[in-house]
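See the structures that follow.
Next come two complexes built around chain A: one with chain B, the other with chain C.
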Partner chain A sequence: MAEFKPADSLYEWFDQRLGIDKFVKVMMTEYWIPKNINFLWAMGVLLTVMFTILIVSGIFLLMYYKPDINMAFDSVNYTIMQEVGYGWLFRHIHAVGASVVFLIIYIHMFTGIYYGSYKKGRELIWISGMLLFVLFSAEGFSGYMLPWGQMSYWAAYVITEIFGGIPVIGGDLVVWIRGNFYVSDSTLTRFFMLHVLLIPLAILGAIVVHFYALRFPHVNNEEGEFFDFDKEADKYLAGDKKGSKVVPFWPVFLSKDFFVLGFFLLFFFYLVFFHYDFAMDPVNFDKADGLKTPAHIYPEWYFLWSYEVLRGFFFEIAGISGKSLGLMAFAFANAIFMILPWLDRSPMVKPANQRPYFKYWFWFLIADLIVLTVYGKLPPTGANAWVGFASSMTFLVLFIALPFITKAEAKKIGGK
Partner chain B sequence: MKELKILAVIATLVGITYYGIEPYAHHIMHPEVKAADFTFADLKNVDTKLAGNTANGKVLVEANCIACHAIESAGHPAMMPNADAAASYGVVPPDLSHAGRVYDKNYLANFIFDPVSAMHLSHKYPVGGTKTFPMPSYNWMTGQEIMDVVAYLQSVSPKVKEGAETHKATYDAACGRCHSMSYAKSEATTPKDAIKAYMGATPPDLSQYIKSRGEHYLHGFINDPQVLLAGTSMPRVGLNEKAQEEVIAYMEEIGDSKKAERESTGINVMIYTFIFAMLAYLWKRKIWSEVH
Partner chain C sequence: MENESRRGFIGKAFGAVAAVGGVASLLAMKKTWDPLPSVMSAGFTTVDVSALEANKLEIAVWRGKPVFILKYTEDMKPTDGRSVKVGDHYYSVMIGLCTHLGCIPAYRADQKDFKCACHGGEFTSAGINKFGPPPRPLDLPPFKIDGNTLVLGEEGPEYKAMMAKAGVV
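The block that comes next holds the complex of A and B.
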């Protein structure tokens, strides 16, 4: 048991008991980040801020929202949007924030892929990050159902129906997820629970793991350079701030993040107040009607690429139905990013453009994902269906080819 | 410089994706249709250049119209309660007080001549079909007589001021017999079961139509529903451009009541955020000057 001297100040009293000084050092002033970075390194802090904004706006919405199929639509569109003071503001922030958070997640994710920040000790950062992506997807999907509009209902119908394609247990699984034979009140209430409790808890846990996973392998830098963080930190503490390759998280790293955050929020609030249709689909301002199918059903934009992989296979191949093939491709697309650290066989940690073969793979993948996203929204008829098929196949081939491409790259650079 | 290049690459990729999933996809899913026509140029049965005689119009209206229609503004109350009227005619006949103000002159004249062709509802009421529209054609009247009726209806329309009250009056006259607007606590004047039987389905509640359909769609749809939704049983109601704008304004006042607050708050929040961003930039420059 440590011996406690009487404290001279309130600060000291807390410091004796909580080790504030030490804690601030470990978490902030002596948590070292490489200096050689650009604004893409601010995405993590942007996401943390966005998640906080979503939680706060969500708490306000929670005070008036009613998870009941007879009341949900009006509680959102009348009570919250028109009666509660600034209720509309919280709803706009929440809906647009949910969409924009995926834009930042994708930038964050592809920054990681571009700079090779998923290998040589950073595998768990990548995996916990992908776990967060899955959890955010579930959070986005369950939340989209809550306003109980036409797109809420039909997107929920189509997506839960997907599980029906799983062999043997499919049919029972769909009923288990919906809590009924069709999308109904029980579905709404359980998605409400998932959205406001279970998934947010899981996200908080995953964020802790994600941040912790950064501590030992350290944040990557713009050149993929490996150096001795302890040595560079000593240099910094000794006063050679300009010569050191690292900066402390606070205030140096965060000062840059706040600057990026400021301009990002300017863009975000522009969308919230003046350009929100992309995140609040007009179709969803029609109340859910299980007897009236909308002319076009599509998920939110951030799911379009994987939705297109799902429906890209629209005909039978080798006796397997298009539906089953699509489901397999969909499962592949959602799982394959998880094991990226082991698909990349090249030891090189460099920005993609400095890697002889990987750079082509990277930009092909980006182009393919954009094509998938755009065609995921368009009606899958005529030539569109074939573009969907070709881009879905391209996606699969890109990932199947990745180990071979990177192996060849390893050979090439090893031979130098 | 390098950071700006990265930003440009990201902005381009996001821009292409955005263009594909928003403007382009909407263009594909909702192709442009012919523009709204507020002259109702397809209606040519009545020569609308004839100057109407109000006094003769009054005689004709009192002999032909007020057996079914109320004209409160001219002192003719409704003959029976709404429920009875709906039971008799299928739908509550409109009070004609605002008819001269909200309907286009050409439309109104041709409507009196032959309602079904003016409304573009010949698919619902085909010649020789089992259903007939409750109002008969007045094609036995001369063009001059029809224009007299139109002139009289225009003369009895109350003078209205610009603003929310008029928006509501126009909406009630043009839409309120069939459509409910629960967010305005307004119910269709024709009872629910009657209107469902009359139209084939309950006409939608319009509370959120300004959001779900949007101003652009409503502009074309109200002018001629068949252009955007072929086969619908909603008639072309023949509003003049001003009346239609008033209807849409009312739908916005009810369905998007916080629009003005949203826009003014938006400007303030963006100014505040810009100040924050600039301060953050200056602070960042100061901090990083020590490490670079």
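The block that comes next holds the complex of A and C.
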């Protein structure tokens, strides 16, 4: 056993046993963040806070929610909303939080794409981040089923039905996932388990990996500049705080983050108290009915773009049915972001607007995603269907073209 | 060296035990998610079709799925391999879920066709896809004709003949 001197204070007693000093240094006061960043670099901390808010509000909902098809709807809409003290508040926080967390995820993600924070050593940050996006999507989808309203039911129906498109095993797979031939009690209860236990555990694990993946390649900065973090850290520690390009995570970086967080929380609770209705679809206040499809089914806003890619292909091309094409495009859309670090063939790490060709690609992508999102909500009839098809095709073409565009960019900047 | 080979042996032995245990638990987990026997053996639905009104859609429920039963009017021609004759009348008997993504199409009596509100798919009165994303006609449920009643879930000779015609054995 190691030698222990009698401790002079309670703090020292703990420090001897847990190495608090060293831990705080490694995690906080000597974890270095570049100085040349803006408010967009605060999104990671915002997401951590949002995830905590979702867990806390979820715990309170969990005490009254009943994962049974006969009780679920009333346990949410009567018990939690009307009987439980402040139950409505926790529900609104949870529903608005689920929506806003995706808003911040998208900002976080497109900040990464804009500044090229996914390449040259930062690939694993990107991949673990995209894994988190997938997990959050699964968490959002499974949670949406729980109130057991009409949208809950039909979203569950349509999304589980997607697996039926997988060749050979599709039909059996759908029945296996649902635990029945249709979305039923077994489906609700198992997705409840996924929502409150398995997926949150996976998210926690992925967050740890995501944070750890940052340690060695370090946080990117506004100019995409690469520098020696150890040298800059030494400069800072030696007292040259002005000349150093880095600041410690705590207290310097986080204090600015908290400022951004303050604004964000004002915005968030403004939504929770005054505009919660955008996250509470009126159709979902009708109880689930497996024999009555709502006239128009659409997902929450954050899934609209990929939903539009799914249904953008409404006719047969070269003997492949519209359904299969839509499924393939949907799978492509959800997987392609993962390999972005390898699709971008240009060695340049710069904000998009300083990159000769990438800037067009980036803004085209943003415009296309907005069109997809807008049309994903509209009924797919007449001209809407064709806009959906064109914007879905544009999405595919943008990603197929990216390696060529960035290769050309690499050539252009190499020749300079 | 001797130690290393002994440790190697222990490692391999543990690996073998863990692999068997892992595969067995995966199997158990897969089985836990399977539909329960009570679900699998869920009963049959019997519908008396003689009293139905022509050109008015009747929706029966079989295994949680809506089954469309449509009695033809005199001027509606039966579709070979899809229309079912019970007594003197022809009927469409099919699962009322759009073959695109499983929404329930609505029957338009005036146009004598089905329209799916979700993604705009359209089907004829016999359930054949004629517009939009549905990749195939509406599925046919297994049925048996018993006098004036249809038994859904049981495979009668008429159903088998229709399946054989469609190339499904």
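Throughout what follows, the second predicted complex is superposed on the first by the 415 of 416 C-alpha atoms of A that agree within 3 Å, B and C clash if a C-alpha of one lies under 4 Å from a C-alpha of the other, contacts with A are read in each partner's own complex, and residues count from 1 in each chain.
Here is the rule we use: contacts are C-beta pairs under 8 Å (C-beta built on N, C-alpha and C of every residue); 3 or more make two chains touch, one makes a residue touch a chain.
Keep in mind that this is a model prediction, so the values were computed, not measured.
When both complexes are overlaid on chain A, the residue A:N70 reaches neither chain B nor chain C. With both structures placed on the common chain, the touch criterion links A:S324 to chain C but leaves chain B unconnected. Contact with chain B, but none with chain C, is seen for A:Y270 once the two complexes are overlaid on the shared chain.
Legend: residue contacts after superposition of the two complexes on their common chain; A:A295 is shown touching both chain B and chain C. Of the two partner chains placed around the shared chain by superposition, chain C is the only one that A:Y182 touches, whereas chain B remains out of contact. Residue contacts after overlaying the shared chain place A:Q354 against neither chain B nor chain C. The interface of chain A with chain B overlaps its interface with chain C at residues 295-296, 379. Of all residues in chain A, only 35, 38-40, 74, 77-78, 81-82, 88-89, 92, 103, 107, 241-242, 244, 247, 251-252, 255-256, 258-259, 261-263, 265-266, 269-270, 272-274, 277-278, 282-286, 295-296, 301, 304, 366, 370, 373-374, 376-379 touch chain B in the complex they form.
Taken together, the chain C residues at the contact with chain A in this complex read 30, 33-36, 39, 42, 59, 61, 63-66, 99-104, 117-120, 132-136.
By the touch criterion stated above, chain B contacts chain A in their complex at residues 2-3, 6-7, 10, 13-14, 16-18, 20-22, 24-25, 28-29, 182-183, 207-208, 211-214, 257-258, 261-263, 265-266, 269-270, 273-274, 276-281, 283-284, 287-288, 290-292. On the chain A side of its complex with chain C, the touching residues are 154, 157-158, 161-162, 175-182, 184, 186, 190, 290-297, 311, 313-316, 321-324, 326, 379-381, 385.
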